[in-house]
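Presented sequentially are two complexes of chain A, the first with chain B as partner and the second with chain C.
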Partner chain A sequence: MVRESSIMKVHYYTGLAAIVLVAIHVMFRLTAPGGYYASLEYENVIANYSNVSYVVVLELILVTVAIHGFNGLRVILIELKQGEAWERAVKWLCIAGAIAVMVYGTRTIILASMML
Partner chain B sequence: MDKGMKENREGIKGWLNPSRYGISRFAYWLQRLTGLGLLAYFIAHISETSNIVYGKEAWDKMLSLTQTTVGHIILIIVIGMCVFHAANGVRLYAAEHGKGIGRAGRPEYPYRPTSLSTAMKTSIWISIALAVIAMLYGAYVLFLSEV
Partner chain C sequence: MKRVRIIVQRYNPKVDVQARYDEFEVTAERWTTVLDALLYIKAHIDHSIALRYSCRMASCGSCGMLINGIPRLACYTKVYELGTDTITCKPLPNFPIIRDLATDFKAFFAKHKSMRPYIINEDIDDSNAKEFIQKPEEVEEYLQFSYCIKCGLCYSACPTVATDRLFPGPQALAQMYRYLIDSRDKAIDERLRIVDDRHGVWRCHFAGSCSSVCPKGVDPALGIQLLRAYLLGHGKERKKIAELYIKKL
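On to the complex of A and B.
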């Protein structure tokens, strides 16, 4: 069983990593040639997915934010209500949620990167 | 479980009670509310951007739904939540490592909590100010930059 203190270390480190990664993601939109709206055009988004470094950043955002977000949800739900059955249910619900989001997001990244 | 312990379990009422612990309680529930909001946006964002794999028509249709005044206002709120959550999160990370919360000492009247030091209170206000600045910049980009 993983200690709560170790889980919270992961929570803090994924949070700090997410700040850097999301900043890169936002800068890609703001500094794109033609500005923010041009960066959202279909051709430009597909071109982004052909950039291996950017794809790695997107995948890292997906993993770090999913872990940080669903662990945060777990912490909130356990703060609101306690009990062995509740805590076990919350833990598995949050693990399932994080895995589902990571699998679905990874599927999008893989399919989009093969489209150009 | 004894009665006293049960009485201390206030659930969401205790969580949202702003009358105790000063601005630190305000930052506590703002951190949780922004966290929940950002998780909801994260899931929605993954869902909306997955339209890219269905071709240009599906992507443009998704953009026409999100690139509206309401869509922009939601995004500006998300920007504010994101910046506050990140800045306040860095404050919590620092506090977790003992930075800015002072040294442990004997409690003396008027029992001011060391976690509410000037550094901590200032950091909370800086987090709020950064969120407001980011929201204003987001509003500028979304509403005033060239479409």
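On to the complex of A and C.
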């Protein structure tokens, strides 16, 4: 069984990583040719997917936020109610939720990059 | 001298459906404590009020109650220092009520006991019993945590205890740190396993209310954060952190 300290280490590291990655993501917008508002136009947004480093950052944000967010949800839910069956259900639902979000998000990133 | 109104929550879970509030008027001197006022009421006005007390000098930790919304020791709270003519006394939150202001400490003590609050050291030679030698700086690392009188005020102020009944609470976790950091104790891994749990040390929100209500100046929130640091692998820096804290004091 994974120790709670190991899970919480992952929780803290993904939280910190998400802050850094989102900052990088915002920097992509701010430093885009044509300025911030032009970078939000549909063609420019889709064009971003030709930039491998942009796609990698986007995927990493997806993974870190999904892990951090669903673990946070697990923590809140097991604090609200206790019991072996409830806690087991919460654990697997959160794992399933995180995987579902990562799979769906990755699929979206792949589809967007295929539109180019 | 002034007249004050004391409002006491009355509730007997075996008989009453819900709590009621009884009001009493007493005369308070500058030195009158809330416990003095309650004992006056019990002796002269209403004998049936249930409350727990013993030493009357903030040493036994028996008379904890919610006084004007804050967990305090009744014997350590002067009527005058509250700055009001109306004082409301309720039982400590997060504890089952036995009757009126007396609460049940069974779960609280069980959690304290589960932390194994004693020195564990297999290297001790029982046949040749002699004192442990400790440096003053080794004592300083845990000294403040040893001032805990187990009054339960921190436990009653803790928002996590209010929602998670399996959370050990600030008192037990601070005592865990107190023994973990003791240079005489040799059961670090065993101790860390106890608190490294789904409902263990990680569930603290660091609200800090435990430290602000402690009548003995103990900082359980610090103990919990140091325990977490230990689990995150910063145990070697514990001495530095403790020294910084002592300097701050």
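The rule is simple: the second predicted complex is superposed on the first by the 116 of 116 C-alpha atoms of A that agree within 3 Å, B and C clash if a C-alpha of one lies under 4 Å from a C-alpha of the other, contacts with A are read in each partner's own complex, and residues count from 1 in each chain.
The rule we apply is simple: a residue touches a chain if its C-beta (ideal position, glycine included) is under 8 Å from a C-beta of that chain, and two chains touch if they have at least 3 such contacts.
Since this is a predicted model, take the numbers as computed values, not measurements.
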Clash-or-fit label for the pair chain B, chain C on chain A: clash
Which superposed partner A:V52 touches (first chain B, second chain C, both, neither): neither
Which of chain B and chain C A:L30 touches, first, second, both or neither: first
Contacts of A:T108 with chain B and chain C, given as first, second, both or neither: first
Chain B versus chain C as contact partner of A:E4, first or second or both or neither: second
First (chain B), second (chain C), both or neither touched by A:V65: first
Touched partner set for A:I78, first chain B, second chain C, both or neither: second
Larger contact residue set on chain A - chain B or chain C: B
Chain B and chain C footprints on chain A, overlapping residues: 8, 12, 79-80, 82
Parts of chain A lying in touch with chain B, wherever the complex brings them together: 8, 12, 15-16, 18-19, 22, 30, 35-37, 40, 42, 45-46, 49, 62, 65-66, 69-70, 72-73, 76, 79-82, 101, 104-105, 107-108, 111-112, 115
Complex contacts: residues of chain C adjacent to chain A: 160, 163-167, 196-200, 202-203, 231-232
For the chain B and chain A complex, residues of the former touching the latter: 9, 11-12, 15, 32, 35-36, 38-39, 42-43, 46-47, 49-50, 52-53, 56, 59-60, 63, 67, 82, 86, 89-90, 93, 96, 141-142, 145-147
Interface residues, chain A side, partner chain C - complex: 3-5, 8-9, 12, 75, 78-80, 82, 87
